[in-house]
Each structure stands twice: as structure tokens, then as C-alpha cells.
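Presented below are the structures under discussion, each in the form of C-alpha cells.
Each of the next two complexes has chain A plus one more chain, namely chain B in the first and chain C in the second.
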Partner chain A sequence: MSAALALLVRDVKLAWREGGAIGVALGFYLVVVAITPFGLGPDLNLLARVAPGMLWVALLLAALLSADRIFHNDYEDGTLDVLTTGPLPLPVLAAVKSLAHWITTGVPLALLAPVLGLLLNLPLDAMPLLVLAMLAGTPAVSFIAAIGASLTLGLRRSGLLLALLVLPLYVPVLIFGVSTASAAMVGPGSPWPPFLMLCALSLASIVLAPLAAAAALRTALR
Partner chain B sequence: MISLANPTRFLSLVDTVVPWLSALVVILLGTGLYVSFFVAPPDYQQGETVRIMFIHVPAAWLAMFGYTVIALAALGTLIWRHPLADVAAKTAAPIGATFAFIALVTGSLWGKPMWGTYWVWDARLTSMLVLFLLYLGLIALWQAIEEPGRAGRAAAILALVGAVNIPIIKFSVDWWNTLHQPASVFRAGGPTIDPALLTPLFVMAAGSTALFVLLHLIAMRAEILRRRVRALQQTQVARAALAEA
Partner chain C sequence: MQPPFTVSLEARDIACERGGRLLFEGLNFALEPGEALLVSGPNGAGKTSLLRQLAGLLPLEAGQLSAPGAEAGTPVAELCHYVGHLNAVKSAFTVRENLAFWADFAGDGTIDAALAAFRLDALAEISAGLLSAGQRRKLALSRLFAAPRPIWLLDEPSVSLDTASVKRLDAAIRDHLKAGGIAIVSTHVPLKTKFAHELTLGLERAA
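Now for the complex of A and B:
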């Protein structure tokens, strides 16, 4: 347990001090959302309608941008080899590193979303639910991204390949995440059923994804 | 299964099966296509466009069948390390992707006269599109990793992750679709299919499945031979390097 905690603290500290790791993801998020009105036109009603979807899609892309960081740096400098010989089982290792990615990427992106929502004329009363849905859904994003990151470890053009592998798996998260915010804005129905589905997706990913990521790490490190 | 672990035995089996299977494919697809296009009556509602279904439905079914083959082969790779499982999975992916593509194209061609547009975000078409994307990811992963052993295991893991996700994706897409647009008229209540249309559909489905198996066996044979050539080249290079030294 203490080993897992130590690894978590280390990863969060590294991401924090690396300079720009978190900032780049947030900046990317801002840029994608900021250029949307240039593509769609400045009609505020239209922007409000597409706002939850745009915010979610941009969040997925921003999270993917930093996903290869989950294992890549530790793989390059050999830390990963040392870690695999340590006391932590490989699935726990994968889970801790995914959790660190969620803390350093998922949470900041979710908290930035309401500010960007203002740019897209997102109604104020929909914002709490949007943030709540993003906080509930981003664990699934980080843990599934870890599968892609471990599969593409050490490959050339791994960033693009990672997106191709992982984005189709995000379809359910995207659907339920956007539905939660849309239901809060316009209905029909209560936002809670999709929100609970989102929680279920995250819980299932937290349990299952580290197993797949660990298996992929084993093939990459052999 | 175990006796087939010997690639040489598998190759000789393929050599005996392929001529018979080819004949079966020609007969089934020949009669199937003839019946579909010349014998089956046009639908009273959809007219002649119903004939697209005879291609579309078997292609959609084989796209899903192909992914099932890959997922089972992935288990074979990861659990039993069956030497042919990796070959089977790798060669099934492009064939399955092609059938998924055919299903998408025929679906949108059918959609133009029926829905008035080439693409509708209908639940089934959307699920098929996601399946096609999963196929592309698998193929890309195989091509990105140079060492065959690692490529096989990595693709097997991805295939299993996809297999777990496909039902979830299918469910969420259905849910999303009912939320955004009313069920399409043609699917509501599931109009029953007349036997005059059902028989050619079954013949076409059987013929296409046989075609899938035939293509898959031939592709597996090619892949085994390709790996042998690669191994021979490597030993030659190693020998040359030894002779130099």
C-alpha cells in the first residue's frame, strides 16, 4: 500500500514539476474549444446546443494528448523495468499510474470545462452537472487510455496510433457524458440514469483496464 | 486443435480443403446471386432496392463473425499460445474489415432511396462504423509492431478489450439513437420477411460465410509461408554474417 502511495505521489509530483505537462493539455483544451465558433459560426443558440458535446470531445482529445506520458518516460529511462521488479504487482502498478494520470489530467480538464463553457454559451445551471459528469467519466478515460499507452509503448508514431486504438472505446463515455449534461439543459428525462451509467463505466474500467494494461506491459517489456 | 499446431499438417489440410470449398463457394454464391437478382420478387414497399439486402445482411453478419474469430483466436494466443492462433487472428482482421466496409457502403446505398440521404446515424449503421474503426485499430497495431511475437500478443489483448467493449458500445449507441431520433419506420415492429426473400438471403449468407472461410484459409496459408520465408532469410543473413567473421 505504501509502495503504491509512494508511486502515486511521485507520478503526480513529476507531472506537476515537469513544467508544461498539465499546462499543455489545458492549453490544447482551450484552443480546441476556442476555434469551434470559427467553424460553426457565432450563433449563441447553436453554440449552447453543441456545447456539452464539444466540451466532451475536446476533453477526450486533450486527455489522449497526454496519455502516452503514462508509461513512456518511465519506459525510456528504465524506471519501468525497476518498478516491475519491485513489490507492486503489475496490474496495481498500471492502476496507480492511471490514477496519477486522472489526477493530473482528468481533474484539471474537468474543472476547466465550465470556464470554457462560458465561451460556448453553456447555461449556468447545467455547469454543476457537466463538471460532475466529467469528474465521474474521466477515470474511465484515463484507465482506458492506459491500455492504449501500454500497447503502443516504444513504438514509432505511438501518439497517433494510440488515438486510433482508444477513441472508438470512448464512444460509451462520450454518449453518457453528453447525455447527462444535455438532459440537465433541455431534457427529456432526468440526467441521473446516464450519470449512473457513466459511473458504472468508470468503475468497470478501474477494475478491468489495469489487467489489460498489465498484460500489454508484460509483452512490451519482455 | 492440438494436432493442427503443426503448421505443415495444417498446410496439407488447407491444400485438400481449398478446392472443395472453392467449388462450394461458387455454387452457393452463384445460385444465391442468381436467385437474389432474377428470381426473388421486388418488395412491395422498397421495390428493387431490397436486393441490396442480400449483400448487406451477410456482409454485416460476417463483419461480426470475423471479430468473433479474432477474439477466440486471441484467447488461443494468450492462454494456450497456439502457434496458429496469432496467424488466424492477423489474417481474419483485413477480411472482417472488408466485410464491415461492404456492409457500410451497401447500407448507405440502400439509405439513399429509402431515407433520402447516404448516411443516417441509425443505431445499426453507427455500431457497424465503430466496429470498422476497431478493425482499423487492430490492423494498425499489427503493422506498427515489427516483432511478430509481440505484435501477436499486443493485438490479442486489444482484440479482447474490444470484445468486452463491443456489447457496451452497441448498448450505448442504441440508447443514444433512441434519445435523438424516433425509430425508423422500416424497423419499427420488425416487419416480417416473406419466404420468397428469406430463401435467397439464407443462400447468400451460407455462400458468403463459405467465402469468408475460404479467404481466411488462403490468407492463413500465405501468412505461414511468409513467416517461413522470413525465418529462412534471417538464417541466411546470420550465416552470411558468420562467414564474414
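Now for the complex of A and C:
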């Protein structure tokens, strides 16, 4: 088995085994979306209008909850030291670990979104595109989160600082993610241009974010 | 039996700085295949820092490292096994899964030798979270056998090991040297291994 695949399988297994990661993110997502109607009132039209935005904002927050796990656990028990002496260059290592985060967080959250959409009176015909947009946009979420996770490595209570660092970077993802779903619901115009921008954001993060994360990891290991 | 290692290790004039403080400078040593180096010195003299530098985890403040005999272009760090103070053991995995990952990641995927090295076969299916401190240490050391690499960097390898395991560790280092490997060990416990070289750090400050 190649080193990258071995690492990916291990990270996914660990996230599953150690618990907390997937369950907490999904639970948080559910709770945030479920309390929204209590805050906004039972106006169904209003809920439908804010549904894409609410779902995206809650998804970003839920994904950030588990973001510090990308590197933190391996840093604490010394695994990261040993991994860096392995056959993978540091940016590849960061990319594989971000990919594992996407598989264990981004994909489950995106797949849960339509169910939560029902709570917000999201029109059924907008759901396929919402899920598609989330699947296309969440790689950017995971890979950018890896930059924050590596920058805050070794700090106490790093989760809060991480959110502070990373949330502003999610603005483009949020804008194009929401406009894809809104365009599909009410128009005007086609949802595909913002969707393609979302894909471009993800592709750019997949290429660039591991380089930044690797530079931050180098410093953290000193 | 794997083919004997043919890698040597040469350090020229290396220096280390931590937090603006120069720990050591002008450090030289050359190890031929089959030789071991004992690093000693008082606490804080820079033993761990030296080993981390060799493993590529800390930058060299000055000087250079080279590994004549290795394939051109291979970084020295990739020839090294680093066993530091932290055991790099995942509590959520069984002993076997821990070793299998390292074998898949850095070696050829076989772990029988690694399980046998420190007699962990009986514990193979037990969750690593249940292991004692000494058993975790043995699991960390078993990593040395999960993927063959010519240079072993061992930082206080005998911490929390029982007497029988220290003997086994000693024998493992000797076998490694016999196979042409290199071992750089920092320890306060006397080992029977014959160290061809000794390096004492922190002498100037102690004096």
C-alpha cells in the first residue's frame, strides 16, 4: 500500500474510532439549524429565503469544530515527528490529512444538508444543487482549515483562535455557495457560474493550502 | 534477511540554537556502517536537539549533514528512524494496527518481525490505550522493525522499560550494527552495546 493511501485510511479510521469528530460535527449542524426557526419565527417564506445561507454558515461552523483535529492529535503524541521523517513530502502529508478531514467532515455534512433543509422549508427542487454545491465547496473548507490548524499547533485552546483565523477566509466560499443555491431557487440567471467559481476555489485551495500548511508545520515542529 | 546497509553518516561543524541560546557548535562526527554513537551530557545540553536535527525536525544553525553511500538525492531524514520522548502510539488502535500503519507507511507492509522484536505478539489484538508505559515504549521501539532504515536515532530508548526489555533493546541495537546499520543513542542507562564513538555535550557550560 502506498504511504499516502495508508495515511488516508488511518486518518479516516481514527476519526471514526476516536469518535467525537463526525458525530459532534453532525450534531452541532443539526442543533444550529434546528434552533434557527425559533429565532426567526414560523414565517415559512422567510425561512425558505434564508435557508441556503443558514445551511452554509452552520456547515462552516460545524466543519471548524473538528478542524483542529487535522494535526493536533498527531502533534501531541509525537506521531507528527515520525510522519515527517517518512517518505511523503510535508505538503503532500498536509494534503492527505486535509483530504481525510473532508471525507470525515465535509462529505457527511453536505449529505445531511437536505434533511436539515426540510426544517427550513427549503424547496425540494433546490436540494440537489445545494448538495452538489456543498460537495464542491467543502474541499476548500477542509484544506483552508488545515492552514489554521497548522498555524495554531501547540497552542492551548487553539480551536477558538483557529476559527478566528479561518472564518474570514471562508467568505468567498460562502458567497458562491449561497448564490448557487439561491439562483437555483429564485433566479435570476443560471446557478452554474457561481457553482464553477466554487469548484475553482476548491481546486485552488487543494493546490495552495497544503504549501502554506507545510510551512506552518515546519515552524511548529521546531 | 535484508541486505546489509551501506550508508555512513557525516556531520561537519553543526551548531544548534534554541530560543536565542547556542546549545552547541562545531560538532563533528563520522560514522561508518556498523558503528554507534553515544550522546551524553547533562540535562539541557542539547542531546534531544541534536537527534531532532539529524531527523530533520530542527534546522541546522550551521554546518552540514551528509550520508555517503545512500542513493543520491535522498534526504538524511528519510534514512532515519527517530524514536523520541513521545511514543507516537494511537490509543484508538490495537497494537497490530499501530505497527501495520507504520509498516504500510514507511516499509513493505510486513509486521511479524516487528511484533516479535519486543515480544508484543501476545498483545497484538489489544487496544494500545490499555498498554502500560513500558509496553507503549516497546511498541514505539518495535517501529524500528516495521520498516528497515539504516540509521536509528534513539532518544532515551530505555525509559520505563524493564530489565529484560533493556537487554532485548541492547541486543536489537547490536544486531542492527552487525547488519551495517548506524545507531545514535542518547541514554543515561549503561548498555552493553559497544559504542565506536562518544560525544559529550554541554562540557563547556558544566566546567
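Details
Convention: the second predicted complex is superposed on the first by the 221 of 222 C-alpha atoms of A that agree within 3 Å, B and C clash if a C-alpha of one lies under 4 Å from a C-alpha of the other, contacts with A are read in each partner's own complex, and residues count from 1 in each chain.
Everything that follows uses one rule, which is that a residue touches a chain if its C-beta (ideal position, glycine included) is under 8 Å from a C-beta of that chain, and two chains touch if they have at least 3 such contacts.
Note that the structure is a prediction, hence the values are computed from the model and not measured.
Once the two complexes are overlaid through chain A, chain B and chain C fit side by side, free of any clash as defined at the top of the document. When the shared chain is aligned, chain C comes close enough to touch A:Thr85, but chain B does not.
In the superposition on chain A, contact of A:Ala212 is made with chain B only, not with chain C.
Once the two complexes are laid over each other on the shared chain, residue contacts for A:Ser190 go to neither chain B nor chain C.
Look at A:Pro172: by the touch rule set out above, it reaches chain B but stays clear of chain C. In the superposed model, A:Leu221 makes contact with chain C only, not with chain B.
Touching more residues of chain A than its counterpart among chain B and chain C is B. Touch criterion met: A:Leu201 reaches chain B, while chain C stays clear of it. In the superposed model, A:Arg157 makes contact with chain B only, not with chain C.
With chain A as the corner point and C-alpha centres for all three chains, the angle toward chain B and chain C works out to 90 degrees, nearest 10. When the two complexes are laid on top of each other via chain A, the two nearest Cα atoms from chain B and chain C are 8 angstrom apart.
Overlap of the chain B and chain C contact sets on chain A: residues 222.
Chain C meets chain A in the complex at residues 52, 55-59, 77-78, 80-82, 84-90, 92-93, 97, 101-102, 104-106, 109, 143.
Residues 1, 3, 6-7, 10, 13-14, 17-18, 76-79, 81-87, 221-222 of chain A are the ones that touch chain C when the two sit in their complex. Of all residues in chain B, only 78, 130, 133-134, 136-137, 140-141, 144-145, 150, 153-154, 157-158, 160-162, 164-165, 168-169, 171-173, 175-176, 179 touch chain A in the complex they form. Partner chain B is touched in their complex by these residues of chain A: 147, 151-152, 155-158, 161, 164-165, 167-169, 171-172, 175-176, 179, 188, 197, 201, 208, 212, 215-216, 219-220, 222.
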